[in-house]
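Please read the structure below before turning to the comments.
Think of it as A, B, C and D in the order they're written, each chain with its own count starting at 1.
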Amino acid sequence: MAHHRYVPTRFYTTIGSHEPALYIDDGDTVSTVTVDARGGDASGEAVTEPGNPQTGPFFVNGAEPGDTLAVTFDAIVPNRPTGFSSAVVAPNVVDPEYVTSMPESKRALWQVDLDQGTVTLIRPKTSLGSWSLPLRPMLGCFGVAPARGQAISTATSAEHGGNMDYNGFGPGVTAYLPVFVEGALFHLGDGHAVQGDGEIVGTGVEISMDVTFTVRVIKGKAGVWPRGENEREIFTLGNARPFDQAIQHATTEMLRWLQSDYGFDAYGAHLLLGQAVEYSVGNVFDPAYTAVCRVSKKHLQKHL
Amino acid sequence: MAHHRYVPTRFYTTIGSHEPALYIDDGDTVSTVTVDARGGDASGEAVTEPGNPQTGPFFVNGAEPGDTLAVTFDAIVPNRPTGFSSAVVAPNVVDPEYVTSMPESKRALWQVDLDQGTVTLIRPKTSLGSWSLPLRPMLGCFGVAPARGQAISTATSAEHGGNMDYNGFGPGVTAYLPVFVEGALFHLGDGHAVQGDGEIVGTGVEISMDVTFTVRVIKGKAGVWPRGENEREIFTLGNARPFDQAIQHATTEMLRWLQSDYGFDAYGAHLLLGQAVEYSVGNVFDPAYTAVCRVSKKHLQKHL
Amino acid sequence: MAHHRYVPTRFYTTIGSHEPALYIDDGDTVSTVTVDARGGDASGEAVTEPGNPQTGPFFVNGAEPGDTLAVTFDAIVPNRPTGFSSAVVAPNVVDPEYVTSMPESKRALWQVDLDQGTVTLIRPKTSLGSWSLPLRPMLGCFGVAPARGQAISTATSAEHGGNMDYNGFGPGVTAYLPVFVEGALFHLGDGHAVQGDGEIVGTGVEISMDVTFTVRVIKGKAGVWPRGENEREIFTLGNARPFDQAIQHATTEMLRWLQSDYGFDAYGAHLLLGQAVEYSVGNVFDPAYTAVCRVSKKHLQKHL
Amino acid sequence: MAHHRYVPTRFYTTIGSHEPALYIDDGDTVSTVTVDARGGDASGEAVTEPGNPQTGPFFVNGAEPGDTLAVTFDAIVPNRPTGFSSAVVAPNVVDPEYVTSMPESKRALWQVDLDQGTVTLIRPKTSLGSWSLPLRPMLGCFGVAPARGQAISTATSAEHGGNMDYNGFGPGVTAYLPVFVEGALFHLGDGHAVQGDGEIVGTGVEISMDVTFTVRVIKGKAGVWPRGENEREIFTLGNARPFDQAIQHATTEMLRWLQSDYGFDAYGAHLLLGQAVEYSVGNVFDPAYTAVCRVSKKHLQKHL
């Protein structure tokens, strides 16, 4: 159960079978940093190309195709005082005939105050004034190397994870990823100090992060799509367009999970979802959209 | 501010310019009943055809095209002890290749206990056992007569409302509907004792209801899509397929509303949504899906 | 086998269970006129409201729910010398981020020459000059009264037909429509002198028409979606959004049709479509898109 | 203008920046072979993994990012006497509730006769009997290395080309591909002796091919999406889901192309498409669907 400290020296804008940055063991913890979506580090300087550059990949000894990699985000902490965002909703998120009614694209600057736990708009000047939101750090893009030697752009997402921009992926949350290659090759990046559902302006409040995570290998038991867990609930993620298909993936994955791991029979799983499922909206800006299918743990207690 | 009591004698499975059931004034309150999705009343007997039969329509004196009809659901109370649901997720909500892995369609029966505030599965017997959920009554389908003489099936939804199956439409909530015809012609029905997001088994726990609602006419100020409000937030609804288009409708409507009624400039509205919007998933079973775009009132306080 | 001449005096912008304009028998032929999409007649004057006003409905004696109404368009002939169109592709047919690159909406005027068989652009002046296309008349919107008392806007389409804008619906073609109400109640309108696939500017060359059609009732044998036939092929139409769902409807309908009426076993029907199906794109502008699934009659000969 | 003969010794199931198989010059011709979708060569033996294995990549000297690579398919000739296909339409191409009505998945065998120019069903035995289709060879999957170091699965398609399964890509056709990396790195494979629109059974008649192609580098003029040309027409391809988005990509690309290369002003291009565009349906089976936007060359003559 080693605790590694890793300072990245190179970054990737695809998630793929890249040269491992570090070899770690099942149960190990890693403390590292991620640059922001444009490659800026804690100093705000761009140290690499833009496009959700990823730290890693981390080779997890013993992880093999067909396993699941569990990654618990122990800490996700902004490591500089300002972040940036876009200021205008993306054209694909509004009615086509409304696109010409939107203001011009603009970049916004935000102050991130760890002590206060706030994210505050600095500019542009708008009717919002100096609007403050609670700090709610998260990682927008992470994943494992996909199958068949693919290298998938960090602009999008698929079965391996990727740019899902689900604001539920904050500290304390565990992500479960299907392993496609030996060592899993875990990548992470694209930190947001806060982000609305859907990442509809195309960004959260983009910022570099100090991240600590712990890995665990679950042998011989891979899902098809990413899964996750927090104190309150379990959840599955489907990545596709249209969102309808993302919902299909996430829902199917939850039906499988409830039956394989939580002791539900088929009717039990279906009835549970019918009257108790909750859906969240991950990214609806990128090439693939992300649907999140959630089930409260209170409904699972009898089965656990 | 009269309080009417209305006992329906006929029902409609379209929302359209039907003969008014009752003429009421701006500010009036109506107490009435709705039958369940199959036409069953408080006794459980089918008193009309199935298919989300609607009570009404209520002609609101003074409501004219271009106005908004505000309807506050003062009370939505199940008026019998049992409801029913489907037991299997609809084929369009799972992966196409998973459809053949699903159990056969089946009807489930639920006990609704007003004193306990619970909805409890009676049958079929499943691994869930006698699973109980908190009672959370709502109306799945309501709306006003649409434009150009349309009569729109209560199986679907559009600008006029309809079968949106948003489980946020419970007691205490106000819906705002654009008025298309003189008198607005408000219809309501399709009560659910509880319902998961998306109505993915094609039903909630379907039950007849005692409903009390109060209408208000907001002159000369119609939105394009239904809107709503509860203690915590305001929200807009877009109805379309794919869900991507429903999101476009709902988001565009919220951008318009924030700017027209809440004092936001364009960049303020866009920045607010970018980092603070929340989406919910209404119906993803029907011909038109329903996306809900929500904004917490705490972000509006400065503007109110 | 009467031949009726009917001059419409009122028009409908929904397809529904309206008062019949004329009662006709199985096998009868009707010669009538349709106004253009804005309600303009042969003189170019607007004689009714815009929005694809329909001539009819025609009550076909003996047609009952569960039957099919076959309508052969014997003649579709523009009855005035000019038509109009929009000049700009609709925002929903281009990339969202391209919308702001498009020219302003404009109306175009076209000369229709029956002798030459041409449609020629008169204005605006563009790099096209006086561009001529072969005249290819068609009806964009027709259908029968839908089920459950619906009145469906002529802006959209569904199982009953409606605004499908398939440029294959020209003279000599037979449309097969499922009958939902007694008498079928056939409506027709929205003539185009010519139209590109998809009706992507939101119009064809809109013009009033002289139309002659012949009806036939096929007892006890209704499809789910509209079907058609010309000299070369049979085809089915699915109406929905996204286009993916329209393809699903049309393909499923063709699989059913091949097996019910053309003697195919299941594998035969599937193999045929796999290697010989052709798809066309009907309307991709309206609320519902139209996919057309086509099979050449040469593949059916053995079975006929 | 060399004519190379290249016999592949390794294959790729992604399109990416792999080690070049051969370096060729602008204007050169290559004769090579492609294996079938499952890796079978002219002898029918599997010589590599399944999944649309690609021959290449071919490094074209002088091709740089921002250029266009024109590839003319001089010859595409099946090099063995039998091909195979699936026998059942894919679940995602039929109505979700129809999936359980479909026969079980099965593989079909076809005889390919170059002398007769026919493709004939050998088995299974169905109501089709020994059904023959005209031979219409094509390449289902080809493309150039994508940007940012991506390696994109040959199961799907994007801006770089890929698994588009457009049956218009036969002998004599020229494809135009945007160049993203030095040398372009052209890959090709997935030959079909014939294929219906949409590749709706998930395969054409899969077969290994002798392919001869000629490359040309068009400097400094890249489109966003693949384009093509045959004797009759020019066309553009959009790859995405839903098909609606594929249509947006293809249509936008055609609007750009008409204005950049064919002398159209904006209104001219829009009016042309409105009344004369034709759409075809490429793959509607894969993760990304393919829409083809076509314009007859007769409409371009004045401008050429």
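Rule of thumb we're sticking to: contacts are C-beta pairs under 8 Å (C-beta built on N, C-alpha and C of every residue); 3 or more make two chains touch, one makes a residue touch a chain.
As the structure is a prediction and not an experimental result, all values here were calculated from the model.
Participant: Can we say the copies chain A and chain C touch using the same residue numbers, with more than half in common, or are the two sides different?
Facilitator: same
Participant: Upon optimal superposition of chain A on chain D over Cα atoms, what rotation angle is obtained, reported to the nearest 5 degrees?
Facilitator: So the angle, rounded to a multiple of 5, is 180 degrees.
Participant: How many Å are there between the centre of chain B and the centre of chain C, using C-alpha atoms for each centre?
Facilitator: 34
Participant: Could you give the separation in Å between the centres of chain A and chain C, each centre being the mean of its C-alpha atoms?
Facilitator: 47
Participant: What whole-Å value do you get for the distance between chain A and chain B if each is reduced to the mean of its CA atoms?
Facilitator: Distance between chain centres, rounded to whole Å: 32 Å.
Participant: So which stretches of chain A touch two or more other chains?
Facilitator: Touching at least two other chains: 92, 94, 96, 241-242, 244.
Participant: Using the touch definition from the top, list the residues of chain D that touch chain B in their complex.
Facilitator: Chain D residues touching chain B: 90-92, 94, 96-97, 99-100, 242, 244.
Participant: Under the touch definition given earlier, write down the residues of chain B that touch chain C in their complex.
Facilitator: Contact set of chain B toward chain C: 12-14, 16, 51, 148-153, 240-242, 245, 287.
Participant: Which stretch or stretches of chain C touch chain D in the complex?
Facilitator: Residue list for chain C touching chain D: 85-89, 92-96, 98, 102-103, 106, 108, 119, 121, 124, 126-129, 131, 133, 194-198, 200-201, 203-205, 241-244, 247-249, 251-252, 255, 263-268, 270-281, 284, 289, 299, 302-303.
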